[in-house]
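Here come two complexes built around chain A, the first alongside chain B, the second alongside chain C.
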Partner chain A sequence: MTVMTRALLTPVLRTLPWRALAGGGATALLLAGIPRMLSGAPDPWLGLISLRGAALALALGLAFLLDDPARHITSAVPVRRPLRVGLRVALALPGAALCWTAAVFLVPEEARPPVGALTLEAIATAVFALASAALIIQRSTATEPGVAVSTGLLSTAAAAFLLLPDGWALLVSPDDPRWTDTHERWAMLLTVALAVGTRACVEPLRAWRLGSFRGRAQQAAPL
Partner chain B sequence: MSDLPTTPTVSASGLTLRYGGTAALDDVSVRLGEGVTGLLGPNGAGKTTLLRVLATAVPPDKGAFTVLGNDPGTTAGRQEVRRALGYLPQAPGFHPDFTAFEFVDYVAILKELTDRTARHREVRRVLDDVALSDVRGKRIKKLSGGMRQRVALAAALVGDPGFLVLDEPTVGLDPEQRMRFRELIARAGEGRTVLLSTHQTEDVAMLCHRVIVMVRGRVRFEGTPAELTARAAGRVWSSTERDPGAWAGWRTGTGSFRNVGEPPKDADLVEPTLEDGYLLTLDGEASEVAAA
Partner chain C sequence: MSTVLETPARAVEPAHPSRSWAPVFALARFEARELRMTIPLFGLSILYVAWIVWDTTQRQGDYPILQDVDRATPGMPLLIGLAVMLGVNRAVLRSRRCDTDRHFDVLVVEPWRRTVAHALSIVPAVLFTAVCVLVQFIWAALKPGAAGHGSPAELAVGPLTVLLFGMLGVLLARLFRSVFAAPVILVLLLFGMLFVAPSSGSNWTSWLGPVVTESGSNPLPSDLLERPAAWHALYLVGLGLTLAVLAVLVSGGRTTVVKAAIAGSVALTVVGVVGQSAGTPAGSTPARDRATNAPEKVQTCLKRGGSTYCAFPEWTGRTADWAEVVDRVQNLAGGSAGGERLTVRQRIDATYGLTSDTLISPSTTPGQVTVGTSWGGNRVPEFAAAVASVLVAGNEKAGSSVCDARMVTIMWLALGGESDPMTALRNVRLDDSVSGSAIVLSPTESMSMSAEQTRIVVELLKKPRYSVAGKVKAKWTELTSPRTTTARVAELLGVPAADKSAAKAEADGDSCAE
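Here is the complex of A and B:
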């Protein structure tokens, strides 16, 4: 850990949107606990829906992770943005992972869907939320994209459930023959979201075209 | 337009930046030297965009600039510019649960002041400079608007930057707070380059040794405040009735009308102010820009 990372650790920890993160985590646990709360035989369908709901709730909380009301004051500082964003993600990650693990174990084993596949869905949803927030920050002057991202995420989830054609379905049950194909699409979605998110974290607003000023800066001097 | 800085610390040429079909900056060339330079212009003139470009918060589409000899078009150059920069944005936001000290300390870390003892000394120094020492342990959400602006100024001043970019720092302050802020900016301008965007011509008249007027993304005037005022010489007159031929006219506290424009013959000419010069430089653009 560099000296800079160590120095930033405490203040960045304090700038995290803890209420939104805790809200997302608590809702996720609550949703995952539904099958256990309901009496009767364990229902795999209910287990699947509960875990998907938990994944969405976690992602909704993480959508606020990049909210930074002081963004404009800190927009032109020498410490690079990827480090600051990376630190925020790294600080939130253990809590999110712990919460997801707890959510998985809250669902009774008999009702639990394949954990690996559902974890892939949860990671892709969370990365999609974070990439959307990073993209909004890169493309606008918004300081707190969380509300817009969470609204968009809810709409996207509803659209994915209701509108996607069979060939593009994302939300199918484990006994569906499309289960494997669907999770290949989830993996693809995760890859794209990771690439977009990483690219959007390079610089706030639009990216500087590196080297584009070389030489021309010299022309500016003798005005 | 005399008195251009012979050794500019900030030099920009042909800066152009478009948002969709609108040119926020259209071939802007400026050069700034030590001291406070005022940036005037109506809403939508491109002042904030120019400041954000010079603060490296947003890259231009075209053009080039250097800050203290560094080219922000390269990664290393941009880092150097940011090390030499203090930026107070328009409507700065804060983490409300931080105290004034903690917030400035956070910005100091982001400015690469990693040595805790030296950094805390520097934070105390800037908080003292902006007269916030007494409330440094108070949470920002408990501070008044004027105090918050001073926290933002302290954050800009931390690390002793050579180039200070201030975007409308006196907006929303009461007259006493504005006067105090002027004092701070004047002091900050000693030995460094300050670019101050404002709607207040009094700020420019009292603080700035140079002034730039922007309209529709272009520089319309660059010179000294005296030169801007001189533009209105012989074009401001007093009358007992509102003069319909005046470009602008208003009733003053004495009951007479102050008119700005092309005076009629035998007009009772009065001493122009910087504001008169500014209004005549806009020449009707302000209302057009506002309407757009």
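Here is the complex of A and C:
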């Protein structure tokens, strides 16, 4: 298996969607750097918003991680899906972690929200994106789920920001009494996303697919 | 589907390059259907409709102020706009993703016409949003308690936001040939909007964002809002058109019409920006001053029963609701208070516009009760408490500083006639409790009631109304005297005394020491 992994390393590294990942990372750093660029006293609210923006941008980048135009061709390799997905995630992980750490340190210390809680939010968002991508790949014939996942992620984030009722709120500020409860919900979300993601990484045994009709629609689409 | 088959058939006649717009419209229709079927837009549309139903059927929305309702409509269209933007962006880039770009080179529909078709495919989504916004507004306006006037320009903001986001999606797809660009730029835009322009409306940059919400706790008459809503709508139209024409220009449409259109739309945008940059005045205007300091000059007064009700013109329909509460409270009062001619006057503090949150000072005019601009829910028992305090203490200023046993009488008058007095008591107290001491809200300054007074009021509210009403009317003079102690009030009204230590502590508290 290790030989196989080593053999896979270079091709997978080459097929990673580098532009999307780099774009996501750069946006995250840009957003996190904004409080430092603005003049005036550091504002904790601004720090929180910019870190949340950075987390979202990073997750958007990671949503494209499983995009592989050659997926149907390489599906015949004698390596199971968990390893292929795991390898991609493992290759992107150090970069993402580094980027997040840099983003956290970019926010001035006086304006920095609790780092642990924000990291939990960032991880949950990223895992949510990855799990959705894995699920789409497992359940459809799509090779590049990134666009769909990023659209869904943005819509979900905006809807969560605007619509969640008070009792279910996810995005609150640290001085809110619901801060701890909210982060219990984030942890729950992370657990669910991890479970779904892990489940979605296994090879599907039955050919139950969402994308059969969508694939047909796409063939008919071009004019 | 038929369009797919038709177009190649036309393409075989290169001698007459078809200048007809029919294929463009056909493509727009097809793309509109595709857009409608994308999962995020479909899901969000259903969510939007559900939210409208939920939001409008809420009980606190029973007395909507229409100039606030119209301003609250563009929240959800922002979400729809987001989904439309990403959806249309994906649709424009579909041919690239599927590698069919080169097949289109043989068709009569040039790239810039295809861009026009994509831009047109947004129109149904815009119309859908417009219908939703209209339904939301009309539903609120048809409620029996509705007051005020909506503004078409404010209502247009929602659909125009969808238009703007959609056009941005088309333009981004033509500028950046990557599906990744749109989400990232959208995130940057949304967060940039939060950073650069906090949507408070005081700054001219904040009016550059699509939606400028200004909300305060007290609704103002529509002529005091002073929001450049029409200029803002013009700005949004101009910006949306500019983005669309830019997208056409980028994809190769260089006809005179396109050039003229870009000049026109940029001019529209600039006019809009200049017009709206006056923004909302931060300070006072003569009209706001008049409404704040001399409301009698603009108000209409109506006589109902023995009392007079003075309201801003948009609220005159609500005087009947106020009269009902006044009558209910006055029926329970004894002595001369039962027949006193009250003046109920609507008062606001409009000096600092919508976002200010100032408390109105209690009036010192005898027999004058203040009522705010919002109604329904907690506002009803709060107003009843103010009426009761004026009946007991003579005027609002004196009523709000009552801290002795008269508070029991005030609270029983205010709540005794309610159909569900315990809930009303909970609502009117700041901490939503029915035991212990608490602050009691009123349209002007709040009052306070002690733990013992609360206990007596709760006991009284549990008794049948007629049994207490008789005692209150009979002992009215003693109950409304500042010298009567809480223990004496309890005795007069037939409430069992509390244990000694509590009564002792209460007797000390009766002196209004604080």
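What we mean here is this: the second predicted complex is superposed on the first by the 201 of 223 C-alpha atoms of A that agree within 3 Å, B and C clash if a C-alpha of one lies under 4 Å from a C-alpha of the other, contacts with A are read in each partner's own complex, and residues count from 1 in each chain.
Quick note on the criterion: a residue touches a chain if its C-beta (ideal position, glycine included) is under 8 Å from a C-beta of that chain, and two chains touch if they have at least 3 such contacts.
Please read all numbers here as calculations on a predicted model, not as lab measurements.
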Per the contact definition in the header, classify A:Ala159: touching chain B only (first), chain C only (second), both, or neither.
second
Thinking of the overlay built on chain A, is A:Ala7 touched by chain B (first), by chain C (second), by both, or by neither?
first
Going by the contact rule set out at the top, does A:Ala41 touch chain B (first), chain C (second), both, or neither?
neither
Taking the superposition on A as described, I'd like to know which of chain B and chain C A:Gly53 touches: first, second, both or neither.
second
After superposition on the shared chain, which partner residues are touched by A:Phe64: those of chain B (first), chain C (second), both, or neither?
second
Touching both chain C and chain B, counted on chain A across the two superposed complexes
217, 220-221, 223
Spell out the residues on chain C that touch chain A in their complex, using ranges where they run on.
1, 3-4, 7, 23, 26-27, 30, 34, 38-40, 43-44, 47, 51, 75-76, 78-79, 82-83, 86-87, 90, 94-95, 97-98, 100, 103-104, 107, 109, 178-181, 183-184, 186-188, 190-191, 194-195
Which chain A residues qualify as touching chain C in the complex?
17, 19-20, 23-24, 27, 30-31, 34, 38, 46, 49-50, 53, 56-57, 60, 64, 144, 146-148, 150-155, 158-159, 162-163, 217-218, 220-223
Listed in rising order, the residues of chain A that touch chain B in the complex are 3-4, 7-8, 11, 14-15, 68-79, 84, 143, 203-214, 216-217, 219-221, 223
Of chain B, residues touching chain A in the complex:
8, 11-13, 29, 31, 55-59, 63-66, 71-75, 77-79, 82-83, 85, 87-98, 102-103, 105-107, 109-112, 114, 116, 152, 155-156
